[in-house]
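Take a look at the structures listed below.
Here come two complexes built around subunit A, the first alongside subunit B, the second alongside subunit C.
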Partner chain A sequence: MSNYTMKRLRLDRVASQLLAAPTSPAARLSRPSRISRSIPQTCRHSSLYNTQPCQRRHQSTAAPQAPREEELVLEPEDGEPIPETLRSGPLPSPHPSRAASSAKLAALHARLSLSSKIPVETLARALVDPSADAHPKYNNANLAYVGSTVLHYHASETLIARYPRLPMAILFTAMKGYAGNPALHQVARAWGVESAAAPGEEVDPGLLQFDPMKPTVVMNKWGYVRAETIESQKFKSGKGLSGRVMYSSNPFGESSAAKALPNFEVDDGRNTKTMLLQNAPANAHANFVRAVIGAVHMHCGRDAAKSFVKSHFLSRTFDLSKLFEFDLPTRELARLCARENFEAPVARLESETGRLSRTPVFVVGIYSGRDKLGEAPGPDLDSARVAASINALKAWYLYSPGQVSVPSDTFAEDAAPWKPAYVDIGEIIS
Partner chain B sequence: MTIRALEKISVGQNGIGSFILQCKRLDIHYCDHSGSSRGMNAFIKTHLSKFAQKNPAIEFAVSPRPRKHPVMIGHYINGRQKSICVANMEPSQILKKAELLRDASGDKVKRVNKPVTSINESVRGIWSPYHGNGMAV
Partner chain C sequence: MEARPVLRQLTTLFNSCSRTGQTRLQSSTRRTKKALKLPPHPSFLVSGAEADHITYNPRFLPPSDPRRQAQLSSLLRSSTGLAPTAAATNSTTTTDREIPALEEKHQVPVPKFNVTREQVAEMRALRAADPTKWSVVRLAEKFECSKLFVMICCKASAEHQVRERERKEAIKARWGPIRSQAREDRKKRRTLLLRGEL
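What follows is the complex of A and B.
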């Protein structure tokens, strides 16, 4: 059940380049090759990035040494053709130096009560979708990946520790209800993020920039993806629940990732398969939200990211009991009682009224020995019995030990050692 | 597999977990010459910078609107706008109006006649006639 709580995430490996200061305008314009070591003198003026934000980022515990400007400038892009000449056309997204003068961006920063450790330039970068700017150093794909892993980790550990008996299908759906694209889209809209009509150099850096007609990145990778996943996609196997547990590549039990693009392949040079999303605005908004979480994680640390996730995502109201749909609740309850060595469940009529009228009401209770497992009213005896067994099953599956500690609580310096949490063996499979 | 899951989305409520100020932009319009803008011009000179400093979550846009009354327009996260004409008002009165726009949620003004509005289930549950000892008629 808890197959994905304990996966080790190598965030440092993914995100070390996020903390390295973004390149100066020279790198952006010229992308010099490894051979030409000379930097055009005109492009070497210090940008805003090379002055304060790098210094501020060192306050973060995870921050590596920021590379020098020369190294950054001379770093070749991985595997793409590097033009020698200066780019003459307009940039695909606003220049980072404009972030400091954007009123919208400053207002968004303050509205989210973000720490001053997070520079507005990072927030501006979080607003650029890969479909607007394919350059991985200027879009939010990497930040969003970090943010999604942080968000999924905290959501899953909270759900599993708080509801140790959730069936797998419900757990997947609950994860999607908290951290899926639709929920994150709503969060972004509640944050008051506006999107630009079209991405470009001239738009305000405080607007979300994406292009629905261009390829983008879908954050549906989760830890590692099994090699068999792609095979199972081809042969349409692994569609059952255990197949979803084994082969799904995202935390929501969906395996669309195998069909989708491999991660981060959005460079205009390499991307040959064009993937058009069903709901590009929702994906762009969700990626922005994930990128903000990633930015909080990278600049303010693990604890700040945890409290950010808690306050903005896990505090949302979500009634898990509304997610269940049963096929054969009475049989499942009987199986459950047999598995747990309870006495076989018996339905008893507790109260009734108007049996011969047009609107009778029967109240049926389900008993196992002397213990009452569930109760429900219904318009006839059978549906009351079914409703009562559904209530009994929900009472079992939604058992909660209350406010329990989660594994990430032990990350603190002076934390008590981890006491293993109770996690149930799983649902009834019949 | 007898359990299927129905897809639902979690519901956010502003102020639970985190609070987001609903006013995201305040447009301030004034006229240089008209007498009705005299208070507004004084407000812009004396109060506005302090007010903007205290409310960093709001984007302020000051622009002239010649030969028209001074107006403040608040833009809200829910997409609505609220505008107040502040002609012939004193700077302190205009400050009150700016605070009103800042604190508004952007919703239409509604009559609230219930003490509690909640999406949570009631703790006590709904009264049932089928439980307890019943009532003798």
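What follows is the complex of A and C.
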């Protein structure tokens, strides 16, 4: 079953075990056989992380508390409850049953105005990083994966529909600005999430728990990753922009440059998610934010997740015009005019003052025929001309059709049929 | 503004009546500065909406944009030059008076494609024979093409390249700290300009 590596990702199947994951022992006691039957199938689909212990976990139906990995080793086959004394050590993260009594967690739930459909136990699980608890049923890795796909999908469709002429490099950077680790770290800080000094059983479940010294999970997968990616990394090829488009393993056009850890606890060694991490706190905060998006998606549905992403991430101010850096703007503008069948651009001196003084100002406009494409002041003629060309090119690249519909609008029941959006053929000089 | 002296007289009168001796005047630097501090003219302030404004250019609208349909008539007029007076309302088209173009050296060079294959061979022969006499600039002048084209066609010998580099190094060695700093600053300004931060 290599189903999940296909381009179309079935989120409902991938994350179905998130909803089925027992948070209260009572629920597990009532329906033991159904859960244990359904697990092997979901395991096949959600083999993103090791789900090896998950089959055995759910057979322990009679355990009074949620059993942890250490218990499972000792668990007898007939399902006898394990005495407290046989436990090998403290739990790596707080028990889910403590979530309901955490004031911090309730405050965070209320602060984010989350729906009551999202239990606080899920929010508590979203706060546990894989570095704190390696067990995939108790950390936020799966939720964060769902959340990251939802966030990347909405960010990319919004950017492309709203700015159809962005160059690829700017698009990658803009994706990072909206959905990258630094931005999500800021969002988590703005949500008022505090991190625990060290993860452990006794920690308040409302604190973010991660361990910077232990391996964790980095959400850098982007749909379909080519098999040649590893080869191209080995031979240091594919560093140009086309290479980034082809071989990048994440939505920000970066190939995972970090080396894989040899002894990881979370991964099964087949995918490239487990990497040496540069900024562990930022990654943990970002994964928490992604996990919250994933929780909203799983518990409240697609539309709620979309509006959550829109209101918390896509509404953030991000000035795209500051990202541009040109090499030869005048030549690029000339190429643009040739491509679009405009007349060749001519620089004209609109006004000037103090030519013989220490601080002259020249206002130069770039004209194509009778139309002015751009205008800028400058301390000398050449600078003014270059600045005017940059202004004209920014006006071209940052063209926006305004508030247009995005493909996900057609998911609604009574949606109008999709009208193809205008997307430009590409960059002028690449 | 007219009320101020009157008020001041009134206050001094009041002060002198109430307390004999000290009166507050604007005689300190701080008070004078405070009195003379005026808010900047509104045109000097860049509001947030204006700062984010992207140059609106009707020329750049794609055919699918509804704004283009609205602009179509004025676009046609402006491109044919039939009604330049109508363009007075539109800031992005020129008016009647012709705005002077910059000199040729400030324009993007238009490739002329005037050099033939034989001329290229001749150019290479000249450059190979005497690279000092037939420099890139001289060859460009002779064949009426750009320096870039000459450099695409010919490659100087390694000795000549080394000689040129040494000559340049010698010139740079003569520069004092002021000139070196000025050239460094010029480079930085160029980078900032291309990033749009200047």
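By our rule, the second predicted complex is superposed on the first by the 337 of 430 C-alpha atoms of A that agree within 3 Å, B and C clash if a C-alpha of one lies under 4 Å from a C-alpha of the other, contacts with A are read in each partner's own complex, and residues count from 1 in each chain.
What we mean here is this: a residue touches a chain if its C-beta (ideal position, glycine included) is under 8 Å from a C-beta of that chain, and two chains touch if they have at least 3 such contacts.
It should be emphasised that the depicted structure is a prediction, and the values quoted were computed from it without experimental measurement.
Once the two complexes are overlaid on the shared chain, A:338 sits clear of subunit B and of subunit C alike. In the superposition on chain A, A:327 contacts both subunit B and subunit C. Contacts of A:198 after superposition on the shared chain: neither subunit B nor subunit C is touched. Within the superposed three-chain model, A:350 lies in touch with subunit B and with subunit C [touch as defined at top].
Of the two partner chains, subunit C is the only one touched by A:398; subunit B is not.
In the superposition on chain A, A:415 contacts neither subunit B nor subunit C. Once the two complexes are laid over each other on the shared chain, residue contacts for A:386 go to subunit C alone; subunit B is not touched.
When the two complexes are superposed on chain A, the residues of subunit A that touch both subunit B and subunit C are 319, 322, 324-327, 329, 331, 350.
Of all residues in subunit C, those touching subunit A in their complex are 52, 54-62, 64-65, 78-79, 81, 84, 87, 91-94, 99-102, 106-108, 110, 189, 193-196, 198. Only residues 1-14, 16-18, 20-22, 24-25, 56-61, 77, 119-120, 128-131 of subunit B touch subunit A when the two sit together in their complex. Interface residues of subunit A, counted against subunit B in their complex, comprise 103-104, 106-107, 109-113, 167, 169-170, 172-173, 176-178, 180, 182-183, 186-187, 189-192, 240-241, 310-319, 322-329, 331-332, 350-353, 361, 363, 377, 427-430. Listed in rising order, the residues of subunit A touching subunit C in the complex are 319, 321-322, 324-327, 329-331, 333-334, 342, 344-350, 364-365, 367-374, 381-383, 385-387, 390-392, 394-396, 398-401, 422, 424.
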